[in-house]
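Chain lettering (A, B, C and D) follows the sequence in which the chains are written, and residue indices restart at 1 in each chain.
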Amino acid sequence: PDGRARFDELIAADSRIEPRDWMPAAYRKNLVRQISQHAHSEIIGMQPEANWISRAPSLKRKAILMAKVQDEAGHGLYLYSAAQTLGTPRDEMFQALVDGRARYSSIFNYPTLGWADMGAIGWLVDGAAICNQVPLCRASYGPYARAMVRICKEESFHQRQGFEILLELMHGTPAQRAMAQDAVDRWYAPSLMMFGPPDEESVNSQQSMAWNIKRFSNDDLRQRFVDMLVPQAEALGVTLPDPDLRFDEATGHWAYGELDWHEFQEVLGGRGPCNTQRLAHRRAAFEDGAWVREAAAAYARKQADAAEQAA
Amino acid sequence: TADAAEYALWLGDDALVLAQCLGWWISRGPELEEDMALANIALDLLGHARSLLSHAGTADGRTEDDLAYWRDEREFRCAQLAELPNGDYAHTLVRQLAFAVFQVELYDRLQESSDATLAAIAAKAAKEVAYHREHSTEWFRRLALGTDDSRRRLLTALEHVWPYVGDLFRDEPLLDRLEGVAVRPSTLRAPFDQAMGALAAETGIELPDPDLARGGGRHGIHTEHLGLLLAELQVLARAHPGATW
Amino acid sequence: TADAAEYALWLGDDALVLAQCLGWWISRGPELEEDMALANIALDLLGHARSLLSHAGTADGRTEDDLAYWRDEREFRCAQLAELPNGDYAHTLVRQLAFAVFQVELYDRLQESSDATLAAIAAKAAKEVAYHREHSTEWFRRLALGTDDSRRRLLTALEHVWPYVGDLFRDEPLLDRLEGVAVRPSTLRAPFDQAMGALAAETGIELPDPDLARGGGRHGIHTEHLGLLLAELQVLARAHPGATW
Amino acid sequence: PDGRARFDELIAADSRIEPRDWMPAAYRKNLVRQISQHAHSEIIGMQPEANWISRAPSLKRKAILMAKVQDEAGHGLYLYSAAQTLGTPRDEMFQALVDGRARYSSIFNYPTLGWADMGAIGWLVDGAAICNQVPLCRASYGPYARAMVRICKEESFHQRQGFEILLELMHGTPAQRAMAQDAVDRWYAPSLMMFGPPDEESVNSQQSMAWNIKRFSNDDLRQRFVDMLVPQAEALGVTLPDPDLRFDEATGHWAYGELDWHEFQEVLGGRGPCNTQRLAHRRAAFEDGAWVREAAAAYARKQADAAEQAA
């Protein structure tokens, strides 16, 4: 059977490509890049929140936060598995992360400076992630699409929890309200930039759209996100830190101010607030754990040898 | 009763402090699966702590958070074993194994407590700590029989941690007033020793003297580690007295 | 004035946070002489911090302790460099060297401040930081030229710490309002670069990009390390509001 | 000249033995044991107080505490130097400490559980140390006696600072007063045991007295200490935790209750609250610092070689 023709047919019919199907090398490469980046983001994304587990201000919040960070580890694992079906071993992807050769979402290079950041991350960062990811549940590559379905379900749960944290703070003491506003001030613009550069500067998008991996442009998704945020911000009682934000009657959308793309490029280029720290943290965990992984591998080998001899 | 509340506090503080220690590992585990496993165990323990502290608080109208965030070091009742520093993975594992083996025996018997709440908490916890024990036991084998380095680290960890184990089994005077409600720690010693003895024999490990350390956590005498642990645990809640979250 | 107070707070917070970090080494140094040397430096810095915070507090009637113990993370004004974790000895050394070289230049010029108190504090500090620089420089040489391991560790430390150095030299808008009172950080950059360049050349070390990190400590944007550091620093004082010690 | 005769003469005249003088092997051995134990005690004794440097409740107290712990390191260094004049290298003594083969004062195996412990240690532990050490300023071995003079001067300063900490707490809030009493309750009996077992059980004392190293018996020193404490406790307003404490008109001394010598032996035997921790702390510092010491030694060698080649 002609693999190329069948691939084109499946894409044209908006059907699923599965691991055993023939696919163009560029499609495979593009997916591995995107899925592993996504996995890395989940793994690096554990850190800003893990930073507050020990200090969570109530046991209930501590439990919720722990469970959330654990979910992120789980998402990382699903995604590595999905990427593995394309032939790249997880160890190889993980090593690339640890060596600083792989990308992850820039948003996680910002520090969490207060408890309200747990709310802002849930509401804004997970919110943006969901906008990005819901369309990916229909991505043409089957294992990726299925991983996304599961992840999106949990993410929307996380977003609600973030919203609730902020809501509680906004109903709290003046100090708590100030804390919430401060966190929203710091996380709002970075979360808008999570959708990537404006459409006219986005390089990979066209091909990804043609392959039914990406469904909407960066700017479209960003607009959808802003439109979603405005009423939620009102419900919370927080101010979105954009003096140019206004409802445009003509388009029916909320127009937003210029974003600082220079800052975005800086963070992407390694000059964000926490780039060094995030990588060093993950690398330290990886290196400190080497002896444990070696012990487990050696033990497994010995067990296998013993089983073989017994047989 | 106040006595039953005090007993619930002991067990609750053990679980809370352990959960706090284990939480540190999330994002720092030797592999992602272990990040998840340790988070799981921490979550279970945190759940036990919440139930036990809530129960302890009913005696005088305090909430789980009142007890977790507004008591000072000398008012905590965890065993010193729970507060020992995480150290490397082997230290954490040894501490966790000792607790898991202890708690399996404890919650097994506590299900028959005449205090219905304690019995219900124990029934739920029993299933979870059985998994904790399995997890720790399996890792004990891996470290003991894996590489020379892992075995050496395991032995070092045992040397540091095991002296605090004996304290778990002391029958404090409080127990005399809780016949039928609490489980006498001393009655858990034999099954604990048997389980650990079997594991040690299987792996050719010699366990150090478990009674070397003084202990005293049930009386509010702690190691120097607890103060710093509580500073971190309580800092945010205490910065905002009266706030809800 | 409030502006001068803010400036004193910047320098005072640098010194306080560094002293707090260095204090950890007391009883943990690589040799007893180094325990003593690091304690000495920490004591000097703590002295500077006390003078600077007292001076900062005069503007609105706060004491050094009000400022040290009762401000939250976002109100601290130290450079992020000061808050970086101690790491191994090489990390501490690199952080300390950068600060010492910076402070030597700073206090040298600050002695001519039109603010007599600042000038007096600077005059006293200048002698002390000269010793700090000597101490750190000598250790930099030892680590750079000692063993392969020490050189490797020094390079790793530079990689982690040096990105935060550039932030020390940024002319924040506040400086425009303190002509004659404060020292413009940017004017210290050339002598700093010269001193460090000479040391780097002598030891064959290539210094990493000092402007990689974002910085922002002067605006209350800190690294994630500061919160935990303050939790420990402030825990006892905050547990007893209004108490004297 | 007959070394032995001269040694006996000097001792009989209560004069000083100096490093170059002949001395009996047992005298030398006894001194090395005593001085190095004393040095180790200073070094291990840094830990219980270092534990509170980071949390000292005012900057002034933080500075005083830092300086005090630094003094202890200094005392350790003087004492190692004094012991070195007897021919035992410092590295050898220090290695014995790190390996757990050497003794140090049992008192430092108790934990510091609160800020008031800084006061109690200064008042009680340094107080007891001074009672022990003042007579040592007249010890027959010159370098030891001279080190003691300097140390005693600083220790009495430390004792006053400890007293002041407690005084401030006793004039403070109810919580502060409770804190002070709690610390005194925990440190009182252990500080009395610092003088060693009762005279009838003390093995080394007789010979040490004959050599003019020790001047008073354990029980005499302990009595002197208790007599000193009672009025000071009254001035502070703290209760000494001994129900049997009473003034004995017949002797003119304060009679005190039975001490728990079983506990003393337990702690001495390694079963104190912090024995493992104290040794592990010092060992970790020693091991973690090995690469630094090696670097310094290698650098010094290279410098020396270069200087030689230049010559």
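For this structure, a couple of remarks:
The rule is simple: a residue touches a chain if its C-beta (ideal position, glycine included) is under 8 Å from a C-beta of that chain, and two chains touch if they have at least 3 such contacts.
Quantities reported herein were computed from a predicted structural model and do not represent experimental measurements.
For the pairs B-D and C-D, the count of C-beta pairs in contact is higher at C-D. For the pair subunit A and subunit C, the distance between C-alpha centroids works out to 36 Å. Between subunit B and subunit C, the centres computed from C-alpha atoms are 40 Å apart.
Contact of a single residue of subunit C with at least two other chains is seen at positions 231-232, 235. Residue positions of subunit A touching 2 or more other chains: 55.
Chain contact topology: the protein chains form a pattern that is neither a line, a ring, a star nor a complete graph. Every pair of chains that touch is listed here: A-B, A-C, B-C, B-D, C-D. Residues of subunit B that touch subunit C in their complex: 72, 228, 231-232, 234-235, 238-239. Every residue of subunit D that touches subunit B in the complex is listed here, in rising order: 48, 51, 55, 111-114, 182, 266, 270-277, 280.
Residues of subunit D touching subunit C in their complex: 43, 46-47, 50, 53-63, 66-67, 69-70, 73-74, 76-77, 115, 165, 168-169, 172-173, 175-176, 281-282, 284-285, 288-299, 302. By the touch rule above, subunit B contacts subunit D in their complex via residues 73-74, 159-160, 163, 211-214, 216, 221-224, 227, 231. Across the complex, subunit D is touched by residues 16, 20, 23-24, 26-36, 39-40, 42-43, 46-47, 49-50, 53, 64-65, 68-69, 88-89, 141-143, 145-147, 149-150, 153, 232-233, 235-237, 240, 242-245 of subunit C.
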